[in-house]
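A short worksheet on the structure shown next.
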Amino acid sequence: MKLFTSVHDVPNIKQFVNDALALKASPYANQDLGKNKTLGLVFMNPSLRTRLSTQKAALNLGMNVMVMNMDKEGWALETQDGVVMNGSTVEHIREAAAVMGEYCDILGLRSFPKLNNRDEDYNEDFFTKFVQYCGVPVVSLESATRHPLQSFADLITIHETWNPLRVGANAKPKVVLAWAPHVKALPQAVPNSFAEWMCKAQQENMLDFTIAQPEGYELSEDFTTGAKIEYDLETALNGADYIYVKNWSSYKEYGKVLTYPDGWMMNNEKLGLTNDAKVMHCLPVRRDLELSSEILDGPNSLVIQEAGNRLWAAQAVLKTMLEELK
Amino acid sequence: MKLFTSVHDVPNIKQFVNDALALKASPYANQDLGKNKTLGLVFMNPSLRTRLSTQKAALNLGMNVMVMNMDKEGWALETQDGVVMNGSTVEHIREAAAVMGEYCDILGLRSFPKLNNRDEDYNEDFFTKFVQYCGVPVVSLESATRHPLQSFADLITIHETWNPLRVGANAKPKVVLAWAPHVKALPQAVPNSFAEWMCKAQQENMLDFTIAQPEGYELSEDFTTGAKIEYDLETALNGADYIYVKNWSSYKEYGKVLTYPDGWMMNNEKLGLTNDAKVMHCLPVRRDLELSSEILDGPNSLVIQEAGNRLWAAQAVLKTMLEELK
Amino acid sequence: MKLFTSVHDVPNIKQFVNDALALKASPYANQDLGKNKTLGLVFMNPSLRTRLSTQKAALNLGMNVMVMNMDKEGWALETQDGVVMNGSTVEHIREAAAVMGEYCDILGLRSFPKLNNRDEDYNEDFFTKFVQYCGVPVVSLESATRHPLQSFADLITIHETWNPLRVGANAKPKVVLAWAPHVKALPQAVPNSFAEWMCKAQQENMLDFTIAQPEGYELSEDFTTGAKIEYDLETALNGADYIYVKNWSSYKEYGKVLTYPDGWMMNNEKLGLTNDAKVMHCLPVRRDLELSSEILDGPNSLVIQEAGNRLWAAQAVLKTMLEELK
């Protein structure tokens, strides 16, 4: 694995989930693998969970870690070719990425969308160029359109908590991605990526996947092929085993917060419609706006376990990359 | 030890001082203890000495360290329950603390008072909730009302420099906490904590403790019980063996800088009233405002040695916590 | 080596280049040397290459690294003695440096010039005081007037790429430092330092050195003694084997961006005047303002290799310092 930017980089997701759970059971068994290897974590945007979990994953594998918070250092990068650099950008991504590749064996990169221009965000220009010029394996720490470490952790969490005895030995869980309100315009990266991983898991017969959102909030079909789409939240929740609550801004009216009907915040009343569903969220979560405190503080919430599994997702990715480095 | 937030968390302060001095003599003897353990340092406010000394202490013990400068990342945390989070706070402390606890074996937390509302600051709401929700042992890196790693280092410094032969084999040193001027309104955390540790040491018959401050600058009695209180600096300094110079804002007129009589800056003339006292300060110090350059650059200053001892204080705390992990 | 601030701190530059190349061939051979030693990197100004390469160099040697971004933490330091500190500076460099020396075995310091007052910048007041008060060996990560780790990496790069068979077994390469345009007023630290190292290498018969700049951009003669000075770029480039492209502001009219004749951007047309010269730049580079994209993306550019060699330069310096610690 030279690149981890989406589910398409993973040959076998079932095996990958099992790899991660093996690392969770035995975190420090592979420290020779990372000896004298350096992971560079490059953040163009803020990070809490992703930075800490990926840093810890690398340390567990015996690696060194260097963090570059480019957003805080005001080191504006030029991405366009053929530009006379007489303005505010101080370095071209061609040099910046190549130089980081000189000092690091693996790089992680976070680069959010600007939410102004859909084509610009969805062609992943910055991310793609960084990968092209740095010359070393790259892990996505969330790009403009995907957050694969989060989605992998989500799948791990579903896998380790699913108890088929509840509903019959061969039953697959029903997983619902449910749009929720927010005050800010958020990227589609987390829901795109979650949808992509769940559609793949559905193909592998691991679960059934439904997306529920108000009109106007449909995600790009590039990420949702195979998913059941619902516009009525209550219909979608009926019989659900997992609810993944998440806000996102409109893809169609790109980056906009549209009006929407009432009743999209997840709460205990809606939970009553489900098969005693477990509730997930990538965090940070706006309490009592996206998701009620009663759920977050109750027995159905998986959000902390899910955040904890970010560590094992990252460690499985880094381990696979290290195994292919010489 | 699951918590280090005040002198009350320490079963035996004499033993703890000796533990720290044993680590100073042999810093790297316990590296197996910290192997594969991670210390997370969470700063809601800036730090120089505390961050470096605690980081170095953890490295000496073989731990990994991850630093989170929450103040610089603009990751505003909500602390109140029952709030609809549709404003500027992006994450609730319940989730933020719990997530950090997932990735770290021990957490350090710095959280200053706001100096607006005394009750809010003195009930240590933020600190207490962080401890409650993170689920792992917590070291205070300075809270709204206390700075116990500093005070522990102060006691270590007094212990290692006190030479009873100067004044008789059984004599105890006279320690004076002396208020000094400053241009900004500073918290009471350092003097509260120093007073608390010195009062405890006085109970243990290790020293005699006096606090000198102008009218209006009295500290909360919760921290000063047993101390001799003086309003005349020269009287207080008479026969002193250690002078701890420090500014703080008013506790009574909470957070205010009050007018005060002249003559509270410590200088050589006042030093002449003492028993050739050693002079301490937690740093950073405002030269020639709180404390004269002639003292800081002269033989009576202990400020650098005292800062150096921050390392051994932190290492003793972390070592004790590590011994109780599993 | 207790200090690395200029070429004058290096007893034998040929040997030092060979030391660095030996480390490049065998990066992890000296990890016992750095065990339980801590490098503190203190940045008063931003850094990308320098921080990462020096951090990685220390890790290769088995050291621990602690980074202090003082510029981002707003910890304004007082450098003048005899000042009543009742203004905006929160700590005196006497205490700040001494405290960092308590926690670190070696310190690295970056401190840029302000470009307001030439005497103030060129007497290196901040840097000199930091060295004086910290009490441990210090590596310059770029001071007001020099960037010796960069220049050392530059010499390493010339040495490892020079193929004397091209022009005769005893021929020395012709190295040209060529001024180039920029939109901002930049320090003279990189060109000063490069000139100083090249003049020393010329003395050692390793190369011939020429500086080309427009009228008014002459560097201080303290750094350029022995160099051939040209005001016509094309004359300077004639027969060049290495071109070091770099902007700097005026030393004479201190810190100013002066008008200059056209034609100082390096491009393929000018490269045609040379002996198929290799092109160097310390980075970050403003593309198509200082140096053309066609050169940077072509076979004559050494800029990435040069940045990579920053690692071995730093590692050679740290190794030498570690060998003399205890």
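In this document, chain identifiers A, B and C correspond to the written order of the chains, with residue numbering beginning at 1 in each.
FYI, contacts are C-beta pairs under 8 Å (C-beta built on N, C-alpha and C of every residue); 3 or more make two chains touch, one makes a residue touch a chain.
Here is each chain with its UniProt name: A, B, C = N-succinylornithine carbamoyltransferase.
Because the structure is predicted, anything quoted here is derived from the model rather than measured.
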For subunit A and subunit B, chains touching each: C
Angle, in degrees to the nearest 5, of the Cα rotation that carries subunit A onto subunit C: 120
CA centroid of subunit B to CA centroid of subunit C, Å: 40
Touching two or more other chains - residue numbers and ranges from subunit A: 72
Residues of subunit B touching subunit C in the complex: 27-28, 46, 48-49, 52-53, 55-56, 59-60, 72, 183, 283-289, 293, 296-297, 303-304, 307-308, 311
Residues of subunit B that touch subunit A when the two form their complex: 36, 38, 40, 64, 66, 68, 72-75, 78, 81-87, 90-92, 94-96, 98-100, 102-104
